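I've put the structures underneath this note.
Shared between the two complexes below is subunit A, which pairs with subunit B and subunit C, respectively.
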Partner chain A sequence: MWIEIAHFATIVALLLTLLQTSAPVVGVNMQRPVWIRVGRQASFMAAGLLTLAIMGVVISFLNHDFSVKYVAEHASRSLPMFYLTTALWGGHEGSLLFWAWLMALFTAIAVGWHWSTHARSIPWVLSILGAVTSGFLILVLFLSSPFERLTDPPFDGQDLNPLLQDPGMVFHPPFLYMGYVGFAIPFAFAVAALINGRITDEWILATRRWTLFSWAMLTTGIIFGAYWAYYELGWGGYWAWDPVENASFMPWLIATAFLHSVMVQERRRMFKIWNLFLIITTFALSLLGTFLVRSGVLSSVHAFASDPGRGVYILMFMAVVLLFSFGLLVFRADRLRTEVRLESPFSMEAAFLFNNLFLVIAGLTVLLGTLYPLAVETFGSSKVTVGAPYYNKVFIPIMLGILLLMGVGPLLVWRGVQMKSLLQSLTKPAMVGLAGAGLSLLVVVNHPYGAITVGLVLFVIHAHMTDVWHGIKKRMSNTGEGMTVALMGLFTRNKRRYGGFIVHFGILMMAMGFVGSGLFQEEKNLVLAQGDHVVIGRWKLVFEKIIDVEGKNWKAQEAVIQVEGPAGAFTLHPQKRVYQDHQMPTTEAAIFSGIREDLYVVLGDAVTETTWAFRIYRNPLVSWIWNGSGIMALGILFALLQGRRLSRKIAEKGTVELERGT
Partner chain B sequence: MQANRRLFLILTLLIVCGALGALIWTSFTGSLVYFHTPTEIKEAGADKTGQKVRIGGMVQEGSLVKEAGTLKIRFMVTDGKNQVPVRYEGMTPDLFREGQGVVVEGPWQPGQEFIASSILAKHSEDYIPVEMTPEGIARSKESMLRSLQ
Partner chain C sequence: MKNLWKVILLSVVVIILVLFALGLENDPRNIPSPLVGRPAPLFSAPALDDGPPIVMESFRGRWLLVNFWGSWCGSCVREHSYLIELARKTAKRNDFVMIGVDFKDTKEGGRSFLASLGNPGYRHVFDPDQKVAIDWGVYGAPETYLVDPTGIVRYKQVGPLYDGWFEQIALPIMEKKP
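Here is the complex of A and B:
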């Protein structure tokens, strides 16, 4: 019953989104605002109906309605309720519906929010977002339906893949999707600006919070994925440069470039075409990410070909989005010419230019590595993989370059500084960085990249701290405030700038984590009998015994390992789990997480009657990655708090320049 | 002065782009690993000597030999027509077992045992528990072989 309600709601929602696409266009062309309001009402109703559809599918899961094919394929009676609910996005049919729902919801919020403030853009925004949502709904209804019934319902379902029965995996897709879908709003405003020809900075100011929000969600989603890979997959790492991971990383890189380059447009009226290009690319890559992961094309091109209808539709959809938006950009390009030129290579804008260069090249690197194997497989006869070594070789230098720019950034000003004064302000941080690098090379870090990272991190910290310190001193002498008050005042006056600083600190921590765990991981593969001990790094591990344990829908063999280390003694319990309804065992790694390093133990198969295989990793600084991402999240939240004050000031300046005829 | 500065900026941009491009190109061509079935790699023979390759197929039933008390294993990877003997030392993935699909990676030396540096047993997000009937097993084997090619 519920699935039919959901199905019907989705059909009506599709019709409404088609109305939402066409009505505002009619309204603008015939000068009849009532049609634009029709479009708005349609978007609100579509959001409501898709919410109903989502509820219908979730209720079918909770009712164990295995006559619904999607439920039968992704749940079972033994699945706990939490995972029953989240199994909604356990397969591609449900995730596409979820995507469309988020899209409709965000559209409704954006339309409600910007209705009176951006009246000129809203009709086109409605139309563009309606078109994208309807595109997804057609896919959901005709090619990848979660509403199908089985004529011969099984008694029990096939269960959710045990690897997905993990909190990390539960939150990974929705956050990613919120990021992907969120970028649709700035994308729509950008395209709306291109269509109505009023290509000022309005679209950037209107969507600044959307961009930050989406970027925050995407970042969080990626981190959840990495965390899941680290805790659940049991291979000692968190990022494998798997195409599925790359699919979410590409839009992140381009969106990061966008976040930086919009500042140049706000302050210096430059990079107008470039910013439009970046936001369109970000959204296109978000679509690509969704489709790559959710179409089965990555596991095998043949899997894709086995359902040619879906493949062709997705390719066509992508082609329409890309041709339409880039075509529009080319068509309007001459209106976007700017008279402002880059004046100095030692200016903030030049630093942002290089920042963008590095990030876009990083994006291209990932795109090449992800799509090349697909191209070879589609057009040739052979199959090829691009391994992690490629990405590692390219990414470490790119990351170091970005860190260098991050440190130089605060030392520069808009329009440029004199080389002499730049050199003067560079001296101190550079000395600190060099000293740190040299010292680390002497003491612990025996790898050039490691030492360079330490040096650059110190360089960036010093540059940022100096900037903050100058700000505080100025405030103190101007207002006579105390130091703490001045610091608070400084930060809250420009939350976006200092939120960015906090994000940078998070990135620095993560960079240390990446380099520490990437270059200095220690791995041991061995066979242990009960009572055996092994020493790795500063840890001594004693394998005590194997016991049987049981959970709600799984049974496991669990090793009991006594560990003695600098942090005292504790016990680790790595498991080999077998889930009910599945024959495949899954490993549950046991992890002790410390500031300096993680101890990561994986239980393997029994080798003889009394001995078991173990894999033990010492992963330095991994916890810095998770903590760094937490700091990043704080920084983004802080930046999101930025009220209208600053933006209005800039917006006014923008309109003034507009009237002057720029 | 102004023109000089611009030239300097453009030159720096070009140099950075060129350096990164070269870095990407050399790393890329150096880390491509081609995938072959046992039949393909046997046909390629000496052409691929010393190259890092991936060989995919099924672990032949009855071919898996474990050296007692160690993590050393030997098995045959088969595509139904040809077999490649493989040697590996280390913990095997959860999904690794006889009759299942496997991808081994390592340097190819024709006429010798293939020494795998790593073993992959594909983690698929939507694998379906096999019905334990002869047809069910045959079907799943077939689909697995297909997906590995």
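Here is the complex of A and C:
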């Protein structure tokens, strides 16, 4: 019953999104605003209907309605309630419906929000977003329907893949999708501006929060994925440069470039074409990610069910979106020439330019690494995989370059500083950085990249702190405030700038985590009998025994391991789980997480009656990655609090033509 | 020059789209065997019929078709009638011999499979703990290898053999080499 309601709601929603696509175009061409309002109502109703559809599928899950094919394939009676709800995005069909729902929801919010402030763009925004949503709904309804019934319903379902029964995996996809879909809004505003041919800076101002929000979601989604890989997959690492991981990382890199370069357009009215290019590319890469994941052109450890029919459709859809938007950009570019030129290579805008170049090159290297195997397979016959060695060679130097710029940035001002004063302000941070690098080389770090990273991190911290300190001092002398008050005042006055600083701190922390775990991981593969002990780093592990344990829908063999180390004595319980209805055992790594390092123990197979295989890792600084990402999230939240104050200031200067409502 | 970036941008987009379109033809399951062109792993393994062990070297000088199967494998049922026919058809050739490898199986399972579907007449290695299968890099069933008279693997078929396979795939390879 519920699934039919969901199905019907989706069909009507598709019709409404088609109306939403066409009506505003008619309205604009015939100068009949009523048609634009029809488009708006259609988008609201589509959002409502798709919410109903999502509810219908979720309720089918909660009711254990195994006559629904999608439910039967992704749930079972023993599946806990929590995973029963989130199994909605446990498979291909549900994920796409979820995508479409988010898209419709964001569209409705954006249209409601910007209706009166951006009247000129709204019709095109409605139309573009409607087209994208309907594209996804066609895919959902005709090629991968989650609404199919089984004529012969099984008593119990096939259950959710046990690897997905993990909190990390519950949150990974929705955040990623929110990021992908969120970028559709700035994308739509950008394309609307191109169609309008009146390319003011308003699209940038309108979508600043959307961009920040989507970037935050994408970041969180990627981190959740890495976290899940680390805790659930049991291979001791968190990132494998798998095509599907890259698919989420590429839009992130380009979006990060966009995030920085929009500031240049806001302040200096430069980089206009560049910004349009970046946001279109970001969204294009989001679609590309969907294509890569869902079509099966690349074999990947993610091994989703692939289907060439869907692949052909998504490819055609992507081709239309890409050719239309990039074509439009090329076609309209000449109207956008800016007269403003870079005045100095030692200016903020130049720093942002280099930051952008580095990020885009980083994105290109990932794209190349992702597509190269596909090209080789298509034009040759052999299979190749591009993995960590390639990325370590080309990617790390680029990232180190970005770290360097991150430190130089705060020392620069718009329009440029004198070479001499720049050198002056660079001296101290550079010396701190060099000293730190040298010291770390002497003490612990025996790898050039490690030492360089330590030096750069110190350099960036010093540069940021100096900037904040100058700000505080200035404020204290101007207003006579105390230090804490001045600090608070400084931060809240320009939330975006200092939110950015906080994000930078988070990234520095993560960089330390990447270096620590990437360069200094220690791994031991061994066979232990009961009572054996092993020493790794500062830890001594004693394998006590194997016991049988049981959960709601799984049984496991669990090793009891006594650990003695600097953090005192404790026990670790790595498991080998077999979920009900599944053959493949999954590993549940036991992890002790500390500030300095993680101890990571994986239980392998029984070798003889009394001996077991173990893999034991010492992963230095991994917790810094998770904590750093937390700091990043705080920074983004802080920056999101920034209202429209900046834009108003610019508007008063007359650089922005704000449009009044209809 | 001024418009160079436009040409480059659009070309890159088109190239990527074309690459994807061509790439859709790729089958992610079609993984080439690193064994093709290399000497086949040697083995001397027990036989399913409890007769003398089957020794790989004894087939030197003849083309050898090695078919990996198991009674647990559904697609093996599908290709079985073709295997019987192929064995009958090629029985007269003295340059061609077939063997089966029943892996990851029980002796009873393998024997009742042959008893109920018909015995193609050639001998089968019994490989319950996949010693041979792992050496040969088998990751599914059925898989079939064509080994030349000098012991080099010339072809690997993933998935069941089909009507006309021998004429379309195997014979051209066999006739190319003197």
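Heads up, the rule we're going with is that the second predicted complex is superposed on the first by the 637 of 662 C-alpha atoms of A that agree within 3 Å, B and C clash if a C-alpha of one lies under 4 Å from a C-alpha of the other, contacts with A are read in each partner's own complex, and residues count from 1 in each chain.
As a convention for this text, a residue touches a chain if its C-beta (ideal position, glycine included) is under 8 Å from a C-beta of that chain, and two chains touch if they have at least 3 such contacts.
Owing to the predicted nature of the structure, the values given are computational and were not obtained by experimental measurement.
J.: Of the two partner chains, subunit B (first) and subunit C (second), which one does A:Thr385 touch, if any: first, second, both, or neither?
T.: In the superposition, A:Thr385 touches subunit B alone.
J.: So, does A:Ile398 touch the first partner subunit B, the second partner subunit C, both, or neither?
T.: first
J.: Let me test your reading of the model: by the given contact rule, A:Thr200 touches which partner, first (subunit B), second (subunit C), both or neither?
T.: neither
J.: In the superposed arrangement, does A:Gly311 touch subunit B (first), subunit C (second), both or neither?
T.: Only subunit C is touched by A:Gly311; subunit B is not.
J.: In this superposition, which partner touches a larger number of subunit A residues, subunit B or subunit C?
T.: Residues of subunit A touched, subunit B against subunit C: more for B.
J.: Quick one: classify A:Asn63 as touching subunit B (first), subunit C (second), both or neither.
T.: Neither partner.
J.: If we overlay the two complexes on their shared chain A, which of subunit B and subunit C does A:Ala319 touch? Say first, second, both or neither.
T.: The second partner, subunit C, only.
J.: A:Leu374 contacts which: subunit B (first), subunit C (second), both, neither?
T.: second
J.: Counting only touches as set out at the top, which of subunit B and subunit C does A:Ala333 meet: first, second, both, neither?
T.: second
J.: Would you mind listing the overlap between the subunit B footprint and the subunit C footprint on subunit A?
T.: Residues 299, 382-383, which sit in both footprints.
J.: Going by the contact rule at the top, pick out the subunit B residues touching subunit A in the complex.
T.: Subunit B reaches subunit A through residues 2, 5-6, 8-9, 12-13, 16-17, 20, 23-24, 27-28, 30-36, 54, 66, 68-71, 89-92, 94-95, 122-130, 146-147, 149.
J.: Which residues of subunit A touch subunit C in the complex?
T.: Touching subunit C from subunit A are residues 277, 284, 288, 291, 295-299, 306, 308, 311-312, 315, 318-319, 322-323, 326-327, 329-330, 333, 371, 374-375, 377-379, 381-383.
J.: Flag every residue of subunit C that touches subunit A in the complex, lowest number first.
T.: 6, 9-10, 13-14, 16-17, 19-26, 28, 31-32
J.: Which stretch or stretches of subunit A touch subunit B in the complex?
T.: 73, 91, 158-159, 161, 163-164, 233, 299-300, 302-303, 341-345, 350, 353-354, 357-358, 361, 364-365, 368-369, 372, 382-387, 389-390, 393-394, 397-398, 401, 525-527, 581-587, 602, 604-605, 607-608, 611, 613-615
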